[in-house]
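Look at the two complexes coming up: chain A is in both, with chain B in one and chain C in the other.
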Partner chain A sequence: MEKTVVKIENLVKRYGELLALDHFNLEIKEGEIFGLLGPNGSGKTTTINCLLSLLTFDKGNIEIFGKKMTPVSYDIKKEIGIIMQDVAVFEELTVLENIDYFCGLYIRDKALRKQYIEEAVKFVGLEDFLKFYPKKLSGGLLRRLNIACGIAHKPKLIILDEPTVAVDPQSRNKILEGIEELNRNGATVIYTSHYMEEVEQLCTRIAIMDKGKKIAEGTKDELKRMIKNTETVSIDILNLPDEVKSEISALPHIYDTIYNGEKLTVYCSGGKHNLIRILDVLQKKDLSFGRVYTELPTLNDVFLEITGKALRDKEE
Partner chain B sequence: MFLHYLKYEILSSLRVKDLIFWLILFPIILGTLFKIAFGHLYEKFETFSAIPVAVVDEAPELDSEFVLKMEIFPTRDIIDSVSEGDQPFLKVTYTDRKQADELLKKGKVTGIISMEGKLSLTVHDSGIEETLLQNFVDRFNSSITVVTEAITSNPNAEAEIIQAISTEIKAVTDIPLTKGNTDYYTEYFYNLIAMVAMYGSLTGLNITIRNQGNLSKLGARKCCSPAPKSISLLASLIGSFIVQSICMLICVSFLRFVLRIDFGSRLPAVYLAAVCGGILGVSFGFCIGSIGALKTEIKTSICFAVSMFFCFCSGLMIGNMKIIIEEKAPWFNKINPAAVVTDSLYYLNVDKDYSRFQTKMITIAVLSAAMILLGFGLTRRKKYASL
Partner chain C sequence: MQVFNAFLKVMKRRMTSALIYVIVFLAISFSFANSKSQEKVFKSTKLNVAVLDEDNTPESKALTDFIGTKHNLKQIEKDENIIKDALYWGITVDYVMEIRQGFSQKLEAKEYDDLFGNYHVHDGFSDALMEQLLNEYITAVGTYQASGMTTSDAMKHTADALSVESSVELADKNSEQQNSDFTEEFSAYFRYMPYILLSVLISVLCPVLLAMSRKNIRYRTNCSSFKTSAYTFQIFLGSMIFVIGIWLIFMIAGTIMNGGIFRGKTWLAVLNSFIFSILSAAIAVLIAEFHPSDTAINLATQVIGLGMSFLCGIFVPHIYLSSGVLKAARFMPAYWYVKANNMIAGIDTFSSKEVAVCFLIQSAFLLAVALLAALVHRTNYSASAQLNK
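Up next, the complex of A and B:
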């Protein structure tokens, strides 16, 4: 039976009148990459800060590795690696010194520390920047340094709070690959993000949060099965007659169609060969069309259907 | 763990450019400006200089008794003797009455001493120099009476009596309180040292910012580590004390050996006072930083403003401010960290013993300990209501 690494029960956190966490529950098993997904302000970071005993909370209980987590649980903290949303390193220390500093808070043995630091540097690909000061690094490299400082001591539980915010695609891929590798090496990972693609790609299990509550939890397939939509078909077509649109809407397993004058979007729920049946209708009416594509539901569709709003703000 | 913290605390502090500017470069610049501004003022205004006096040596109607006195009493020699040497009392111009009046009118002499009958003095104003002249003339006249009576009764002892009385007539005697420098303008350099000590508050503030989870991300990260906060704080404090002490030593050395400011003959104690002052400054910043959950920028502003206020009150900008405060609120001078530091330096320079200096050092120690304990008490909180 898999061990429970993190257990949060009935957690309530208020900031004055604002209810940041509303009876929040969570259980994370050993070896998982657990995703906490939610829009900005949904309570992801507050959850992490409570988990780390940085924040007081009004109600609830938190256990890590089967022990109650408190600010002086140094034996638990020793096994945790934290990568904050904002980069937290010394501006006055070089890359190497920063990693050594943070690793030294966990590992006292100098020889072992040296070995761990070398591995961490290699892991994040900062070998060529060891003597650089943080302000000389690009945003992506800085994030990598932030990660190296958090994982150099080889923690069993790694918490990454939106580590890819404002990171270039190359660094983002490097970070995501690195997280998968850390997991393969035995670490349990908690990953918070509002980038659904990352969470989908990375996480073995996901909890979706909104307004301090967990609104859904499961694997990505389990989450997608929670909603009506199973397939979305999009067809670029001009001058679609209303009767043709109605005919498509009447096809089995189709629960909604939207036409904006250029593109027809058809939402399907279950069934097979939905695309063939739609194209068959258009062919029979001798209507020409352009690009045709079909999409499986995303976590955004899950969030949209459960909450009635998009997961990410448009500007993001 | 402690040494690991300490090493990086010192390393990172020494690389903070702002800190280097405010704690090393700024005092050097300001000290140099002070030296340029005040360097020669002391000699010009504060050192005693010979009193210019016109002596009228005309005696148209000498009475027989006075002629006798003048024959046995070398008046002119005595006046000459107090006009010579390293520290002459008088700067004498022998002239006639008319010319002497002219000199007095033009302000070229402070007074006119007339050897007409008894010695008499003519002055236009009243002041320290006029008082000294009057004192000299009075003592001279009374001495003549004593001498003539003594010689009349014991003619054989004439030479000894005149020698003894000549020495006594010298109106001023330089009685040094200390081997130190009593230059009033040195106070500005004491204040400069106190200012550098108080700037240590910025280093102290940095300790709390870097260790409090609700003040910085770095603090939050440290709070997540398995290192006890007390060890982290202690290492940070000691590291800051070391860095601040280095800055204080540089400052005092620059003032003493480059600008050649005379801090007296107790230089090791001056270094000690400066270092202790620096520790007090760091402790003050540590204490301010630990109070409340204000933003870092606000705390920095408060720290800077309060430090400058303390320096202002101890006389950094206006020399006699400390004296004014001593009259209005003497208790404040006793707890104002900047004033305590300047006082300790002053007492070192002017006092013969160390008693007042020791009192100030104890005050520094007590204030530092109180601030550190308060800071520790307030920062040991493990969890925060918000980050």
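Up next, the complex of A and C:
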């Protein structure tokens, strides 16, 4: 049976009048890459801060590796690595000195630390930049240094708080591959993000948060099964008569149709061969149409349907 | 000692400005001390004097030789234009004297008027100096003659008598109060020290403390298994080593300059500077708690360093400051530092009780600044915890 690495029970955190976490529960098993999804202000970072005992909470219980987590649980903290959205390194220290400093906060043994640092440097591919100061590194290299500082001590639980914000696609892919490799090497990963595609690609299980509550939890397939939409059919078509649109809406498993004068979007809920039935109606009416495509639901659809709003803010 | 090592590494990157302050201060102090020590050797002034001997007798030659022992003899033609050029434009002579014809005869006859003629610039100084010398000479010759000596013997005895150099020692204004182990230049060295201590400690310690407590780095450190108490202790240790290191550099330089720093009352000045060093570090910590930018740190260094220096008697001695300024200065620690320093140096009347009061007031300032820094730290911590959501 898989061991429970993180267990959060009935966590309540208030900032004055604001209820940041509302009886929040979570259980993460060993070896998982667990995604914590939610819009800004949903309580993701507050959850992480409570988990790390950086914030006190009003009610609830947190256990990590089967032990109660407190601010002085140094034996637990020793097994945790944290990688934040903002790069947290000393500008005044070189790449090597930075990794050595942060690794040294966990590993006192110099020989072991040296070995771990070498492995971390190799893992993030910074061998040629050891004597560089962070200001001389590109954005992608700086992120890799940030990751090296967080994982050099070989933690069993790695918490990544939106590590790919403002990162170019190439570096993002490298970071995601790195996280998968860390997981393959035995680390349990908690990954918070509002990048749906990353979470979908990476995470074995996902919890969706909104207003301090967990509103859904499961694998991505389980989450997708929770929503009504199973397929969205889009057809480029000009001059669609209203009676044809009504006829399509009346087909089985179709729960909504939208026509904007150029494109017909049909939302299906379950059923098979929905596309064939829709095209059959159009052919019978002798209507010509252009591009036709179907989409399976994404986590964004899940989030949209569950919370009634998009995951990412418009400006993001 | 992971945090301590990182603290020192970060500090190493910030040491340039500290070294500039220290080197400039020590260079100025050493040159000041050397120039002062040269001033302490008394040397009588010598004029460039040309003698026109119209008498040309053994007596006139004896007088010329005597003048040569007191001043620098110069040759000059007896031409009024040349003499005036030499005096006014050439600056080759300060005084031209003429030994008039009949000089020896007049001396023999004990007639002492109109023996000499002269050309000089009316600057008062060379004129007075030469006239004083000649009057002294003639008066002495007359005195010896009156005692029955011949003219030549009288002139010989006069030359001998006037050749005796007086032993001259330069006494300080408050020589009776002056602490002999705490010289004027050494007290000035200690007097200027607060400016350098404030400048160095604020400009170096502030950025280092800021680097160590940068939000993200502190977050990552707090997440680690490194104990908070050990972290705080190592930062404190790093700061103290830097402060004491800077203070020791000044004390070692002072020892070299003065030949010792624990003699007489000097140890009180050492203690005074130590208390002020710790106080300066506390001020740097307080400033760092406000998370200023580099520009703001530079501004704070100048405002606090120069402000205290001008108002509290570091750059301008207390006697030149108005009573209003001195009253305001009492609310600043540097005033009490300078006051103690003045008493230790003997510039003001020494009172061990008052020196102790000065130390206590500085210590009270230190405590107040440290408490304020702790309060600001706590407020910042609570605020960041509230915002960290």
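Remarks
Simple rule for what comes next: the second predicted complex is superposed on the first by the 316 of 316 C-alpha atoms of A that agree within 3 Å, B and C clash if a C-alpha of one lies under 4 Å from a C-alpha of the other, contacts with A are read in each partner's own complex, and residues count from 1 in each chain.
The rule we apply is simple: a contact is a pair of C-beta atoms (placed from the backbone, for glycine too) under 8 Å apart; a residue touches a chain by one contact, two chains touch by 3 or more.
As the structure is a computational prediction, the values presented were derived from the model and not from experiment.
Steric overlap between chain B and chain C is present once the structures are superposed on chain A.
Applying the stated contact rule after C-alpha superposition, one finds that A:Leu105 touches each of chain B and chain C. After overlaying the two complexes on the shared chain, residue contacts for A:Leu55 are found with chain B and with chain C alike. In the superposition on chain A, A:Lys78 contacts both chain B and chain C.
When both complexes are overlaid on chain A, the residue A:Phe132 reaches neither chain B nor chain C. Once both structures are laid onto chain A, the chain C stretch out of 25-33, 61-69 or 115-123 that overlaps chain B is 25-33. The contact surfaces that chain B and chain C form on chain A in the two complexes overlap at residues 15, 49, 52, 54-55, 72, 74-75, 77-78, 80, 82, 84, 86-90, 92-93, 97, 101-102, 104-106, 149. For chain B in complex with chain A, the residues that touch the partner chain are 1, 4, 8, 11-13, 15-16, 213, 216-218, 220-228, 382-387.
Per the touch definition, chain A reaches chain C in the complex via residues 15, 18, 20, 41, 43, 45-46, 49, 52, 54-55, 72, 74-75, 77-78, 80, 82, 84, 86-93, 97, 101-102, 104-106, 149-150. Contacts from chain A toward chain B in the complex involve residues 15, 49, 52-56, 70-72, 74-75, 77-78, 80, 82, 84, 86-90, 92-93, 97, 101-102, 104-106, 108, 149. The touching residues of chain C, when paired with chain A in their complex, are 2-3, 5-6, 9-10, 13-14, 211, 214, 216-217, 219-227, 385-386, 388-389.
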